[in-house]
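Below you'll find a set of structures to go through.
Common to both upcoming complexes is chain A, partnered first by chain B, then by chain C.
Moving on, here comes the complex of A and B:
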């Protein structure tokens, strides 16, 4: 496990989720949530050192759609900003890396999506290999079914649950990070990120062992996911809980799973884990996944300093 | 005094030519000719479709290997609600198919009318499209043999 140059903590978070947001666009959903998170620790956007977001332009349907979401934070005077076409949890990993450089001591991470406006199963297929896969328009649920069947055929998991319809929900999550003493100034109950790692598997489904999650296992080792009290797992279909628990060696711990809105659910898992263990002295693992059949996986180990 | 209005025509164009590269290009060209082309990976295994870079070592790959248009299902799922653009407009199975001569599997649709007619290990054969243009859709679907 790698050690940090500077300790980083989750000091505040806020989230909003609904099956289908009827009227507000992404910016309008983000504004109150970002202000809620900032307000919890008495910060204004001008005091944030680094801002980074996770979302998918495909869900909004046009290129550089994420730039419009900056209206929710205000980008004048100019801010240090970045974006990932991934779940917001991966944006949080970028923020942790950025904070290691030591130039700034706070970061805002946010994620947003409103997939209810389209056919999510169909939209996600355009993220796949453009030459050999995407022209077939494979639905995310159908691909997840290949994974579930590979698990059944492996005989390693007992009863593997059937694949449910791809979860469609709209929502946003915002998380505030701070380093060392700055975190302790901002809250009495910082939740320290003790380890974080993310790994990717081959793009071609036929090159992967779909009956296990090699990338979750590696990320878990990289993040030092041992001595865990509670687990908060980002699981898009029921069978994936078995894969993640197997990869991380979770057996006795309480496990809390959720899918959440696409591109938001992983960051929401980290935020929920942090809220749950804040002030308790407990150690939690939180995971996030992106891509077809869990191609990319992130594992974070969080520790809630005892109040 | 008449108001002068400046007018400029604007045509939206996509003035780029994309190349699919030496290996994916060989795979797509092979499809046009009714052949399935893979490549030899750094560890000697045959990867289908052909890829430009080794998935483990990332080195450039250059040796193409033709494989059969018939093989076995390594995993599958049932699609009872085909979406717009998918290979078939009636319920079918998605499958990863390991073609004879290949060491990896290809994602494809298998044209069976009921999930009881396919399982892991089923032998399947490609049904080629009537007109082939150098696209993955040149394989219309696989059929159980």
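Moving on, here comes the complex of A and C:
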């Protein structure tokens, strides 16, 4: 794997998660979490070089909802900003790429979602082909069932666990990134991103081999996911843990899995991995998934510099 | 001999209806605003950093990125900072009708309302106006409680006081 032009580290993160947030809207959930993350390294929003977020307007129920979320960062004077209609982990990958350019040294990445306001299983159907698949309203859990069955049919996994209900949770995660010396200035325990890559598969489920995750495998190779001490995997249903472990060749390492709120869970995995290995000298892999039956997958390799 | 003339053209319409249900909740800040409207009051929230008062409050100052917790009660009077006379019909509105951005006294952001009880030709920048509410028995947590704004018998505001909002 190629090395970075500039080393990038996770220097702070904060997260909030609840099964169902009754009263606060997305901005009100984000504000304290972003301020918490900034506060950990003594930064103000004005000192952030690049801001990028991941969320889905379909979960919020109105178009361009992500623009309203900017209230939580204060986009004045105007800031450098970007948004992905994806899990926040993919936004973090964009931030890492942006930081390579060398114009700025810090980035704020955040993700937010409040899927408890709608019918998540049904909402996720609209990411499918709008002419021939989405009108059938295949729900996310049902599609995950097809994936689990394809794994059983392949005979490669032994016992494949049953599909659980799609996790519905509300939450936000914020991560602060910094480059090289700036990261070392901000914290004694930067967690370096040694590799990050993400791959997407075809949209048509019938074209894909649902019994394996080719995109996770390639992203893992791209990120250099070898010599791993611990794994933090974003899996939405229990059988997906087997797919990701198989794709990344994980066998003996401790594995920590979570689904997390849709669009937030992947970024939360990266943040949790960073917190866990900060100051330990350990190397962790963290993954994020988006799309029907894990259509898109991201793999990041993190290294917690020994304190 | 051309076969293309007989080939069916591209399909131009496919109907794939989408229906998704949401339980929308306005958030803590806007809930406070809507509850105030239910009492027949307009409230804003002040930014602790830049001191700007937002109406309707969104819970955060979009300039500073901080929570706006301090509640500010407003009088319901304001100044027209810009307006538009519409000559074409709109549901429930008979043309010509006037829509205006109004800077409510004590607030630092303009809000859009209808202007009625006056000749559209009379409407001008700086004109002083007040909110006209539905009957007390009809108050609900909804901005629709304010039917429209109407002129009040006060001298026009000085341009300097609203020039940043035009």
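Going forward, the second predicted complex is superposed on the first by the 307 of 307 C-alpha atoms of A that agree within 3 Å, B and C clash if a C-alpha of one lies under 4 Å from a C-alpha of the other, contacts with A are read in each partner's own complex, and residues count from 1 in each chain.
Note that in this section a residue touches a chain if its C-beta (ideal position, glycine included) is under 8 Å from a C-beta of that chain, and two chains touch if they have at least 3 such contacts.
This is a predicted model, so every value here is computed, not measured.
Overlay on chain A: chain B and chain C clash in the combined arrangement.
In the superposition on chain A, A:202 makes contact with chain B only, while chain C stays out of contact range. When both complexes are overlaid on chain A, the residue A:20 reaches neither chain B nor chain C. In the superposition on chain A, contact of A:163 is made with chain B only, not with chain C. In the superposition on chain A, A:100 makes contact with neither chain B nor chain C. Of the two partner chains, chain B and chain C are each touched by A:135. Of the two partner chains placed by the overlay, chain B and chain C both lie in contact with A:119. Across the superposed pair, chain B and chain C both touch chain A at residues 119, 122, 131, 135. For chain B in complex with chain A, the touching residues are 20, 24, 27-28, 47-49, 51, 55, 74-79, 83-87, 94-96, 98, 104-109, 120, 135-137. The residues of chain C lying in touch with chain A in their complex are 14, 16-18, 20-31, 58-67. Chain A meets chain B in the complex at residues 119, 121-122, 131-133, 135-139, 142-150, 153, 163, 202, 204-207, 210.
Touching chain C in their complex are the following residues of chain A: 22-25, 27-28, 31-32, 34-35, 45, 58, 61, 68, 70-76, 117-119, 122-123, 126, 130-131, 134-135.
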